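Pasting in a structure now, in structure tokens, and then I'll have a few things to ask.
For reference, chains read A, B, C, D, E and F in written order, and residue numbers begin at 1 within each chain.
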Amino acid sequence: MSADDATVAFLAEAGHLKNLPRAGWLLAGIRQPESVAEHSYRVGIIAYVIATLEGANADRAATLGLFHDVPEARTGDVPSVGKQHVTLQDPNDVAAVQTAGLPPGLAARIRGLVAEFEAKETIEAVCAKDADKLECLLQARAYQAAGNTLVQPWIDTMLAAVKTETGRRLAEAAASQPVDAWWHKIVASYGRPGTD
Amino acid sequence: MSADDATVAFLAEAGHLKNLPRAGWLLAGIRQPESVAEHSYRVGIIAYVIATLEGANADRAATLGLFHDVPEARTGDVPSVGKQHVTLQDPNDVAAVQTAGLPPGLAARIRGLVAEFEAKETIEAVCAKDADKLECLLQARAYQAAGNTLVQPWIDTMLAAVKTETGRRLAEAAASQPVDAWWHKIVASYGRPGTD
Amino acid sequence: MSADDATVAFLAEAGHLKNLPRAGWLLAGIRQPESVAEHSYRVGIIAYVIATLEGANADRAATLGLFHDVPEARTGDVPSVGKQHVTLQDPNDVAAVQTAGLPPGLAARIRGLVAEFEAKETIEAVCAKDADKLECLLQARAYQAAGNTLVQPWIDTMLAAVKTETGRRLAEAAASQPVDAWWHKIVASYGRPGTD
Amino acid sequence: MSADDATVAFLAEAGHLKNLPRAGWLLAGIRQPESVAEHSYRVGIIAYVIATLEGANADRAATLGLFHDVPEARTGDVPSVGKQHVTLQDPNDVAAVQTAGLPPGLAARIRGLVAEFEAKETIEAVCAKDADKLECLLQARAYQAAGNTLVQPWIDTMLAAVKTETGRRLAEAAASQPVDAWWHKIVASYGRPGTD
Amino acid sequence: MSADDATVAFLAEAGHLKNLPRAGWLLAGIRQPESVAEHSYRVGIIAYVIATLEGANADRAATLGLFHDVPEARTGDVPSVGKQHVTLQDPNDVAAVQTAGLPPGLAARIRGLVAEFEAKETIEAVCAKDADKLECLLQARAYQAAGNTLVQPWIDTMLAAVKTETGRRLAEAAASQPVDAWWHKIVASYGRPGTD
Amino acid sequence: MSADDATVAFLAEAGHLKNLPRAGWLLAGIRQPESVAEHSYRVGIIAYVIATLEGANADRAATLGLFHDVPEARTGDVPSVGKQHVTLQDPNDVAAVQTAGLPPGLAARIRGLVAEFEAKETIEAVCAKDADKLECLLQARAYQAAGNTLVQPWIDTMLAAVKTETGRRLAEAAASQPVDAWWHKIVASYGRPGTD
């Protein structure tokens, strides 16, 4: 397989996260929940926002958030009820296998993203980890507003897990803000919430 | 609305891309296609890869790709058949409204991401634009393998639209590589493709 | 393209409304909502009922309701949050383009349906417009019963928007009637609500 | 139950067709097919077109098409494999029960729609029946283009079942026209089929 | 058709229950509910459990539960609102047709399963019938927890319908136990309910 | 937790297989594939058929097939691409934990089912294992007929994996029989394949 072919195969593999449902939501009885890719998208967005407000390298934090679940393309998203029954290889080792055929410089860069996220030592990694939690909290709030009654534990746990000052403030706001706050005012200004 | 509340509302708005189907695939008769968020996730991944191989700032390119469709949370994803009937506000103006309540520094940063992507002047923006095309090509290939017979035009157009040398090489590889290449060999090594 | 081919192409285009989710429900966090075609179906039914009770031409009102969203096959269903950012061509102009290749008499008839609905001058058009609102109200009630907590504004707005005396009375009944009223009594008569 | 309440209950019942999958497509292995409501929507559209070209009352034909499956809200859509095992009450009798509580004039009108469609004696009913077949044919073509290999028998049967001269001509065109004909040319004029 | 071909055709027909939504949940406004196959799976599991606790032949009870809805592959799942309008052939007669081409011994065995279940005379059949009710109750509870507000009548009816002492005790427990009881404690032991 | 509560919790846990998509089909790009429960349902059916034809205890084989994936309620369905990265606890140990709170006799029986299936020593276990393969083969054929182009390897592997003489014969028939064979003849006898 040429380097180009290996690179395309890696991009196809990364695309598999579009097909993977987030396992926690399945436990909560949400039959067709968001994908791991959808989660990763907003983790990247949130990491950018937190890092900006924390004075860190926002582009780096966003990128860490974006890539942090790429190893799940191989392992799947193991649910919390499975932790005592399933042993996962270290994500760094999974990433090493996933990037084995890539041009060496590119492989090293991608492994570096996974390693930095997992090590939680740089401020950007801490921001991206917080983004991972805050994203989950926001999604739990959205599922609550859609009717689900089982996701409060996710909100409580995520609230307790964020580490940065910005993350804490945003998580608290997210835990109380109605999920339609962003569009409620816009729509009210038209006198109607619907569509034509 | 406090700055924190406004920031959370922006993150909720960004999450709306999870709910928006990509309009082009609906035209192709794919009833429950990927979301704009899923597309944006892989655009970010691909932008990182292209930028690395082009020697550009990969974190920046990934971030540009990740944010490039955030204005669609307001406008929706207008399909190509609608272009002659729909006039969209400039994405920069949409982003200005979307970020109006954010802490000023953060708002400026996010508007800067949209502006840089739209201007296509930096090498990172060019890489992210190429990633947008290549992502679409890869997804069209995946839908073809899933049976859809209508998406070849997407592949042809995207092949012609990439600009960087890396993008061109990867697009050509993507247009011919079987979509199961990434897992076919792994699975064959177990003597079976299925699951237990 | 022959007249027959153009007619079939128009029917295929009308079928695209089956693929288009109603954008308002996506805002409300309903990930796989009804299609525009499903909405149009019941708008036609309701228009027939209102027009009958108002003493208008019920067949005409039903037909106006049935066709009223056909221009959305081109433009998509622009959500209310997009109104300040998106300018849509006049539906009459969209319909003119959509029917351009049809046999002239047929094209004129279809354009006439769109024009009459948009002008809101005939009693049949007023009934069909009311049906559009009442259909949305009934669907919002159904989503509430399915658990969604965000759709009350749709109900309130639609209640205020109906114009005919019949529409007002039915909207008030719809806003308070449990959505299972139609089957609750039937099922109770069997001593059980389920299925064998 | 007041007349208004009974009318709203009827409209809720008519809405149940949104939830009913077309049973034939389930046989063909299409797991989440169109609903009966989506089918009925386009039957109405097609009936209007055929009746116009046949010189019949197009509004009436559209309305007949729109209402023709309302009895299925009670009976469900019995698949062809079930015909030898399931005996359905006459649709006129089902409609009589469905409309029992409505204002008498309205009930009579709706029963009249079902009766006229079933009797196949008026030219409008014949056009609506043809529309029912042609709609099925067009949908089968769409599922073929989406990859399904089992629906050719639907196309063949529907081709043979249409009765009017217009229906025959359109069915023949529909059986050979690519399903993307309506958007292919529009999109080509932009140099690309995708979305931005 | 050879005996092997007929046997495979029967297995394909049994697989059609994967495509059939349970009609009762559609009435309750659940757009993409469980399939009849999913229901049958757990009816088998529950029948095994009840029969074990009742001292009956658990393997037999499980098998009766597993096969009890196979006739629905032909007839569909007729909803309770349809009972007054639809006459179904006796399930034994449907099963006779379904198994007509099978090797005679196998056909007799499968008909025997349907006959035993329908006759409700053996303790194993009574356990399997109870399992059918309890499964429905458990699923209704799951849909309630997911937000649906219309399914309480299913719970009440199923509670009243179970016959065995074990079935009654389990139904009472099921009617009050939170649906997340099985995973709540496991997850709490990790300090968080989510997924990594 | 009382024994009844523990039993109900086990039944709720078994129901989680309804929510788990089969991981192999996700690899093949099938976005909303069958659930593990749907698979288990037909494994039970097929095990009954094979065991009957092999002269084994058919009720036992069906029950083994029905329960064989219950441990996946904890571990999830690990895809083949994950095997080198994920270590699963022995299914017997998982089942021991899953049944820990049940009445001891019931717990022992359920653990016995898992143990017998995993040991592959009894003829009933061998039949159930073959059923697991044949079910996968039949489903792969169904996805092929629905358009998917990536599942041939599943067919080939399953063909090679069945052990019993009956399993081999049926697998060969299944690999060549059109998936619509079971309904094609029935429907043709009505002169049309569709629905009314």
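Annotations
Here, a residue touches a chain if its C-beta (ideal position, glycine included) is under 8 Å from a C-beta of that chain, and two chains touch if they have at least 3 such contacts.
Only a predicted model underlies this, so the values are computations on that prediction, with no experimental measurement involved.
Traced through touching neighbours, the fewest hops from subunit B to subunit E number 2.
At the interface between subunit D and subunit E, two copies of one sequence, more than half of the residue numbers in use appear on both sides, so the contact is built from largely the same positions. Remark: subunit A and subunit D have CA centroids separated by 43 Å (rounded to whole angstrom). Averaging C-alpha coordinates per chain places the centre of subunit B 37 Å away from that of subunit F. With touch defined as above, residues shared between interfaces to two or more other chains in subunit C number as follows: 16, 23, 27, 29, 31-32, 77-79, 81, 84, 142, 146-148, 179, 183. Chain pairs that touch one another are A-B, A-C, A-E, A-F, B-C, B-D, B-F, C-D, C-E, D-E, D-F, E-F. Across the complex, subunit C is touched by residues 32, 142, 144-148, 179-180, 183-184, 186-188, 190-196 of subunit A.
The residues of subunit D lying in touch with subunit C in their complex are 1-2, 4-5, 7-18, 34-35, 37-38, 40-42, 44-46, 48-49, 52-53, 57-60, 62-63, 66-67, 70, 103, 105-106, 109-110, 134, 138-139, 142, 169-170, 172-174, 177, 179, 181-183.
Only residues 22-24, 27-32, 77-81, 83-84, 136, 146-150, 153-154, 157-158, 161 of subunit B touch subunit D when the two sit together in their complex. Considering their complex, residues 16, 19-21, 23, 26-27, 29, 31-32, 71, 73-79, 81-82, 84-89, 93-94, 97 of subunit A touch subunit F.
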